[in-house]
Structures are given as structure tokens and as C-alpha cells.
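Take this structure, written in C-alpha cells, and hold onto it; I'll ask about it next.
Chain naming follows the written order as A, B and C, and within any one chain the residues start at number 1.
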Amino acid sequence: MKRTALAMAIASAAAMAAQAGTVTTDGPDIVLKTKGGVEVKTADGNASFKLGGRFQLDYNDFDGVINSVPGKDGSDAFFRRARIELGGHYYDWGYYMSYNLTDSGSIDQMHTTYQGIGPLAQLTFGQQKENFGLEDTGSSKWITALERSMPANAFDTGNNIGVKLHGANDLVTYSVGVYREGIDQDNELDAAYTGRLVVRPMYGSDGLVHIGAGYTVRDGDFTDFNSRLGVRGGESGSSAGRVRTRYTGGAMGDEFEAWNLELAASFGPFHAMAEYFDGEISGAGGAEDIEADGYYVQGAWILTGETRRYKTDIAAFDSVKPSKSSGACEIFARYDELDLSGHSDPLIQEIGGDASTWTLGVIWYANELVKIALNYVHADTVEKIGSEDDGDAIVARIQFAF
Amino acid sequence: MKRTALAMAIASAAAMAAQAGTVTTDGPDIVLKTKGGVEVKTADGNASFKLGGRFQLDYNDFDGVINSVPGKDGSDAFFRRARIELGGHYYDWGYYMSYNLTDSGSIDQMHTTYQGIGPLAQLTFGQQKENFGLEDTGSSKWITALERSMPANAFDTGNNIGVKLHGANDLVTYSVGVYREGIDQDNELDAAYTGRLVVRPMYGSDGLVHIGAGYTVRDGDFTDFNSRLGVRGGESGSSAGRVRTRYTGGAMGDEFEAWNLELAASFGPFHAMAEYFDGEISGAGGAEDIEADGYYVQGAWILTGETRRYKTDIAAFDSVKPSKSSGACEIFARYDELDLSGHSDPLIQEIGGDASTWTLGVIWYANELVKIALNYVHADTVEKIGSEDDGDAIVARIQFAF
Amino acid sequence: MKRTALAMAIASAAAMAAQAGTVTTDGPDIVLKTKGGVEVKTADGNASFKLGGRFQLDYNDFDGVINSVPGKDGSDAFFRRARIELGGHYYDWGYYMSYNLTDSGSIDQMHTTYQGIGPLAQLTFGQQKENFGLEDTGSSKWITALERSMPANAFDTGNNIGVKLHGANDLVTYSVGVYREGIDQDNELDAAYTGRLVVRPMYGSDGLVHIGAGYTVRDGDFTDFNSRLGVRGGESGSSAGRVRTRYTGGAMGDEFEAWNLELAASFGPFHAMAEYFDGEISGAGGAEDIEADGYYVQGAWILTGETRRYKTDIAAFDSVKPSKSSGACEIFARYDELDLSGHSDPLIQEIGGDASTWTLGVIWYANELVKIALNYVHADTVEKIGSEDDGDAIVARIQFAF
């Protein structure tokens, strides 16, 4: 009987071979995966490759102060983001390339990381996030609301070329880096320095408590603080109204400095987060500084019971993975405020001055790759912008991320 | 002896293992393929990924009314199209991303399709073809002539962001959708509505008979109907002459409406197809409407005996797959006409008025990925354009599509 | 005991199957690889696919004549190159697509090669290198210095659309081609013709001796010879100073002609190479011709003992593959000169006239994918440019090429 079993095993292997060709490799053993994209890695952990991408298809309908054309209704359908993403590693060096397909193409991120020291000290070279703020550091695929809060936008450092030292364990995540802010009229580099520290007094299956702070200081020419009012408005973003405080009449700032505080907690299907930002642009040649501050608070509940993931390496929330084939459903509310008012220098123009928005939303994670979301936004400004001082919007998105 | 066979089987497996590393997966079984590109799918059908691309390298030589510089010979070598294409699915949601590499990059198509209802009712969200017309709905890789006919160009709806409900079985293919035409001065969306219905009284190994009709209506600002004369002319297309009828002096149209009829048949190596288009731009503020109509008829014969493929899901012809290693060879002829004449309003300018072209061609499908084609085009216009009212062209292409 | 061994073999195979899903194919057997990218080919050699990419992150610091702002220090951090690369083949037809991600995207190379005749006669159609000069023909990933020499830049033919016949064996490498230089005012193609021949009197494990010559002649409008002074300066390259000789006052050249000589040798860890270039732009309508010539000599030593690779198919040096896990280390020196002086026509303006640079560098090949290099450049010009006639620069690069 044993021999029969052996013969059957051989026969079935032979039958399979007759139907299907073999896939082998001429180097180390390989593990291959697909979940809409493709992932290849060697079993010895020395090499890997991954190809993925994302696109976010948005529909907006908005009025009042949210539309850049006062008194009119605006609407648009557009790709909020669309990217191809490649990554992998070879021995001690990892890489990541993310390319924007919108607006005729641009580099989103492109960097290589030396991982030879260990997870507590990694060096990333190239165009990357500076990791300033919780909402900004998290992936745009998995932020809770469809747009980040007004203060996160106003103080956004963007993705820049530079070098970042960073590391993390379960308790702490840190990053410090120096980045290219621009070049001056002599062709000399203007530099930015940014750091962030997050501690997690609690992190595990019981829940998460996250406390963080960040700081950035940047040389260069700066002319304003501004933010859209919680709605993108269209691919170029020019349809949407903005609050803004800026230098006029040739005045200019020559340094930008900002700090923030982060607080977040997650228990089972609930999470809450809040951030406070404060910063100023130093006026050059005697001009008054432009000052700004703002905050947001947000609470969310996954009705289907899943827990939102959290990544310690960047100290930010990540995806919701549905536990059932019918997907997962989350609701949330966010209130944010951005105060750009209070300047007396006649060379500083305030538009809107002080703004706040309420964002309410529901999200359906249809499966691990598909997220469908609907947000309602109500915006208020203290000063009228083109005869309007409030506005409402509906924003809908289908996201495919593989 | 049996034991010897077993031992040999084991030994040969062991020998293979010594030479070649294994390739496995840590999830569902996977099937991997390459034919110049790469395709990965799970054996359970729940996930897939495919990467491909295409490029079309053209050489044109043209004179007379076909050149935008009257009385001179024009010629160019350029990429007519070059794209990278990613697609796949995960459970009920498929996706497709096609990115133009020419002209410094742009999104060709990018969409996700909900396939959970079944092949008779699929919902596609994103930038996509509107499926108006047989020639336009078919892939640019597999249209018979190198350029689509003049009426197909003049009435081309383009690829737009929108939502399309579509379905097909062997008898019927339908699609209805709403799309973004643009945004108006208030930032409000201008919408387009397009539908198509195709029935196949005959479809199978005996042959194919295809009868179809389409309709589109579009809000927005419209200023002209135009088409090149069967020749692209160069990457930007600006080298080629055009027939055109347009508003001048600030006149404008505010609605575009068109319908078409399609007729096609395929029996063994032969196929024939014809389309008729009729449409108008409604003049705003009392301006006369601009009217246009046109048609083409085409016949083709694959000398090596293969049958051109046809896809029921989009109701359009597709590739020719050579049955021999020496490739397949096809010849064809097409006659088309586009009539933009007959307007009396002095604010409407007619250039060329009424045009027709003959296109004769031979195509060598060197293998499944490589198509090499030579077309001869003769164009006539009723009205002279820059002292010319006819012209001739040779167009050659090498296409690689993986 | 034998039976036990068999049973164990089956059992271990079964155990592996329980842990890991199978990866098979439904066509010919496949070999899969990863080394940061991915490579798939059929075992029968009829089809293949490869995806890779590269990015070069540079930091420059430069002064004097090297900065385009006289008397000031310049510096920048930027991507010198960033590309995604796809390639493969299907039966007799190969393809290669390389797309620039910098500067909002453009096609670097895109071509298909008919390989059916054999390695001594291949036909490449599409956008490709013209193969003029040793330094220019080699990959930008593996040139020794971070920037090619001034004469290689001044006489660079670029990547153009065309057809090239080329072939190689161990002794000889040749290429002849016709390319698109541009189109004239009538929309007619301006053509370029370029050829190159290399012979290797010695090639094998003992060493390499390479002797080559090239020639190019090009129709079209030409206005100047120019080159940066060994330093890129920034992504756009506009920060860096240039030597340049150009027509002014509406004068113009209508033909460009150049030839070069190449000499190279490699013995174990040492290589030396030198090129001489000579060319002229023929002045149209009686204007004086612009003449230019230049050369470089370079020597390099891989301290860790590896030999720089050399590709016979393009007759150019290629990568250094480290033999130890600590990587390989190379040092080099290069001297180059570009002479654009000696014109008497007042319509010809000489800026800098005659320039030379010394480039000294050290390169660490951290592993097969990662190259880290530091160059020092000293530049001299005979004529002052904006009050400067020499300058110094430090250029550092991290390259990831998968």
C-alpha cells in the first residue's frame, strides 16, 4: 500500500507536469505573490521586488466659500492621485519609486535606504516625506477623511530631496533630516531641517496611545500661508477657494519655522487623533512676520469591528483590512481650524483670516484594494471671501490601490 | 523495475532541484506567463496582474492637401503611440491603467470595474472609452488601417472620466454612460451621455454579422468639426492638413449631438465593415448649427487564411494571430468621406468643406507581438486648402505590443 | 533503506506543498529571477521580460567658471537621471523601453530589434543611441566619471528615432544607421547618418585592446557647439556654466559633421581610455563654419581587484561587479580639453573659447545595484566667462540601478 501511495504521488506529479509547465529559478529560491500587483522575493531574504499602484477617482460638488467663483455652484470629476509604485531591496539597500501619473507626470517619491545598521538607524537618501505631522506622514491611501485637515495642508513640508536618519521600535519612532528647500539666486542650495519624535506609552493588542512632536526650520523665499477649505475642487485644485495670508508689494519672508504636537489613540474599532500646529514666516528687510496656527480633532468607528492598522516605522495609521468578504465600514467626524489672522502690517493681506471646517464621512472598504468613501464638508471663514463666508460640499471617491 | 522508475523519477527531480531553485507562493497557487510582458494569476481566479505595453513607430511621406504647408512635401518619423499598461483584478474589482509615454506623459485610460453582478452588467468608473463607433471602440493596436477614418476622427468622443454600465453575451453588446466633458466658467461640470447597442444575428465558427448604433449628447463649448486627411503627419499631428468647419468672430456652440450606424461581417479570412455618422453642434445665441456627416466602407482579406478576432465584450474587431511562424499577411481597402459643407452663416468658416480618402494597405503580422504595415492614402477635398485639393501619402509602421 | 529515502523525499515534498502554494505556467517552462527588479523567461528561449530602473541622486558644490552666476558659489541636490526600463523579446523580435521620470517625463529609448539574422546583423528600429563615441555608447550607469567628458558632450548625437544595422563578435563591432535629426519648415524630415567601427586586437581573460572610429553627418539647423565644464549643476543643468561658440545676428549652420577616434585597454583591475573628436558646422549663406575639436584621456584602477566588464555588442565598458560583500572600490583620473576657439567671422561669438578640466574620483560599488561616487573637478577656460576663468567642484552621487 505504501508503494501504491508513492506511485500515486509520482503519477499525480507527472499528470500535473503534463498540464502545467514548471517555474523555477537559477539562483536562490523565490516566493511569488499577486494581489492585483506582483511581489517577488528570494526565500533567503536577500532580494525583493514589488510593483503596485493607486488611483483615486473623485467627484466633488461644492458651493459658497469653497468655490473659487463666488456665489456659484462648482463640481468636478477627476483623479485626485494616480501613481505607479516600484520597490524592493538587494542585501542592505532598499529602494522605492513612486511616480505621479496626473498633471503629465512627476516624481512623487524616489529614494534608497541603507538598512545595514538595523531598524533603529536607517538612512534614506532621495526624494521622500520629511515626516512632519501624523496626518501628513501617513499614506494618502489610508487617511480617514478624503483630504487632510487645513493645518496639515498649510504646514505641509511636501516631498523633498534629502537625507533622513530614522528608526523605530514598539516604543519610539524618530526621524531627523536635511532637505532641499530650493536654490537661491546664486544657485546655492536652501536647506530645510526637520525632526519628529513619537512615543507610544501603550502599543499592543489592548490598544495604542501615540504622543508626538515635530519641528521644521527652512531657509528660502516664503510668501504666504494658505489652505483649501477641506475640498480639492478638481485635478489642478484651482477650482477650490482658499484662506490665505500673504506678503504683497514686494515684501517677502526668508525663513519658515513650525512645530506641532500629535496625540492619537486606538482601541479596537475606535480611533481618535488630534494635532496642533504653530509656525511663522520671518519677514525679510523689516517686514512683519506672518504667523499661523491651527488644529484638528477626529474620531472614527469601524462599524464592522476591524481595527485600523498602525505602522511603527513611520508612526502613523495605515489601512483597514476587511475581515469579511462583504468588506468593512467606518464612520468618522473631524473638526479643524486654521487661524491666519492678526497681522497689522499693511504689506500683509489676509483673505478669509480664520477658517474652520466640519467633515463627516462614511467609508466602505470593499476589499483590501478598494475603498469607497463619501464625505460631507461644511466650511466657515471669519472674513468673507468674495461675498461668501461659508459653504458646503459633498466629496465622493473610489480608490483602487494594489 | 517499477522501483527503478520511481527512483529515477526522484533522482531526476533531485537533479533538477540541484540545478534550479524552487519558485513557490505563500498564498493560493499561482500561474505565471510571459509573452514579452508578464502575467500572474491565482489558480482560484481571485487575483491577477498583467503588465504590457505598446509602441507604434511611424514613417510618413505626404504632399498636397495632406501637408499643412501647401505645395510642399512633408515627411516624419515618430512614435504614433507608446504606452505602458497595467491591469488585473482582486475578487470582484478589476482595474486597468494605460499611460501615454509620448508628449511628456498623460493618462490614456485608468479605471476600475465592478464585476460582481456578471458579464451582462458591469460598472466601470474612471477614464475610459465611451464606446461610440465600431472603429473607435476597437483597440488602436488592431484597427485595420493605420489611422481611423475621417468621420471616426471627427466624431471621436475621446477617453473621458465617467461611469459606464455595460454588458455583453454572444448576441448583444450594450453600453450607457455619463462622462466629464469639461467644466464651465463657474467650475461646474459639463456632462456627456453616450450609449451604444450592437446585435450579432450571426456569431460563431461560421462567421460574424454585426449591426450596431450609437448616440452621444454633450454639454459644453464647441467650436468646430475637423479631421486630418487619413495621415497623422508627426507626433504632434500639426504637420498634417485638416478639413474643418468652425465658428469665427466669437460665435460658439453649446451642445454637441451625434449618432452612428455600424455594419460589419467576417467570414474566414475576409471582413467588411462600414459606419455612418451624423451630428451637429448647436449654435449658441442665435448662431447657425454646424452640421456634419460621413461614412466609410472597408474590406480586408488575410491572405494566409487566419480569421481576425472579435471581442464581444466591446463589440469590436481585435488582433490577427498568425498560425505559422512566418506570420500572417492581410490586405485591405477603405473609402471614407466627411462632409462639413453647406453652412450659410458668415460666422461659420468652411476649410476644405467635403473630403474623401482612399486607403490601401498591406499588413504583415510577424508574430503575435509584431505588426508591420504599409498604407497608401489618396485624399481629395471639394474646396482647395492653400491652393491644394488633393494629395498622396505613404505611411509605414512597426508596432510592438506585448 | 532506499524505500525509506524515497518515502522521506515524498514526505518532505508533501510537507513543502502544505506550507507553500505551487507556481506553474500553462505554456513553456519558465525561469524567474529577482535582483531588485524582476526577470521572466521561457526555458526554450522564445520569450522573455525584464523590468528594471535606475536613479542617480547627485549633490554638487561648485564655484568660479563652473557656476553660471559669476563670482558666486553654487550647489544643488537633484536627480541626475531616473528611469523605468522594460525589455524582452518574443521569438525573433526584441524590444526595450526606457522612460525618463525627471523633467515631467520623456522617452529615453524605445525600440524593437529584429534578431532573426544573427548577432552579426541586427536591425534596430525606434528611438535609440546612434553609437558615436566610446563614452557616449556606454551606459550612463557605468561611465567611470560622473559626467561624460566635454568633447563627448559637445559632439553628443543624443538618442534619436531611426534604423540602425549593427553587429558584433569578439573581434569586431560595427553600426551604421539613419536617424531623424528634425523636420524643416516644409515639414520634411532632416536626416542624420552615423557609423562606427571598433576592432579588438586583444579580447579575453588576458586583457582587452579596443580601437575604434566613428563618423556622423547631419542635415538641419545648427547654431552652436557647447559643453558644460564637467559638472551638471542641477536637474535642469542651467546652473552650470558652459563654453560655447555660436552664430549670432541671424547666422545659422545647415550641416553638422564630426568624426572621432577611440582607444581603450583593460588589464585586470586597470583600464585606460582616450577619445579624440573633430567636427564642424557648415555656415549657411556664406557664414564661416564653426569648428571644434577635443579629447580626453582617462585611467582607472579597481583597488579591490575586480575587472570592469565590457560589452562587445556595443563595444563599450560596463559595470563593475563586486566580488566581496563589502563591495568594490575604484579610483580614476581624467583630463579633457575642448577647443571651440579660432573663428574670425564677427557673426560667431566665442564664450570661453578653449576649456580643459581635471576630474579625479573614487567610486564604491556597495553591491551590484548600488554605486556611490565622489568626484573632484577643476576647470580652466582660456577666455574669461563673466570675470572667471577657472573653478572647482565636488560632485557626489548615489546610484541605485536594478
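Here, a contact is a pair of C-beta atoms (placed from the backbone, for glycine too) under 8 Å apart; a residue touches a chain by one contact, two chains touch by 3 or more.
All figures in this text were calculated on a predicted structure; none of them were measured in a lab.
Q: Through what angle, between 0 and 180°, must subunit A be rotated so its C-alpha atoms fit those of subunit B, rounded to a multiple of 5?
A: An angle of 120 degrees brings one copy onto the other.
Q: In terms of residue numbering, is the interface formed by subunit B and subunit C classified as same (over half shared) or different (under half shared)?
A: different
Q: Could you please state the distance in Å, as a whole number, between where the Cα atoms of subunit B are centred and where those of subunit C are centred?
A: For subunit B versus subunit C, the centre distance works out to 37 Å.
Q: Two or more other chains in contact with one residue: find those residues in subunit C.
A: 3, 6, 20, 23-27, 30-32, 38, 51, 84, 104-105
Q: Which residues of subunit B touch subunit C in their complex?
A: Result: residues 3, 6-7, 10, 13-14, 20, 22-38, 51, 53, 55, 57, 67-69, 72-79, 82, 84, 101-102, 104-105, 233-234, 239, 325, 366-370, 398, 400, 402 of subunit B touch subunit C.
Q: For the complex, give me every residue of subunit A touching subunit C.
A: 2-3, 5-6, 9, 16, 19-27, 30-32, 38, 40-42, 47-49, 51, 84, 86, 88-93, 95, 97, 99, 103-107, 110-112, 125-127, 161-162, 180, 183, 185-189
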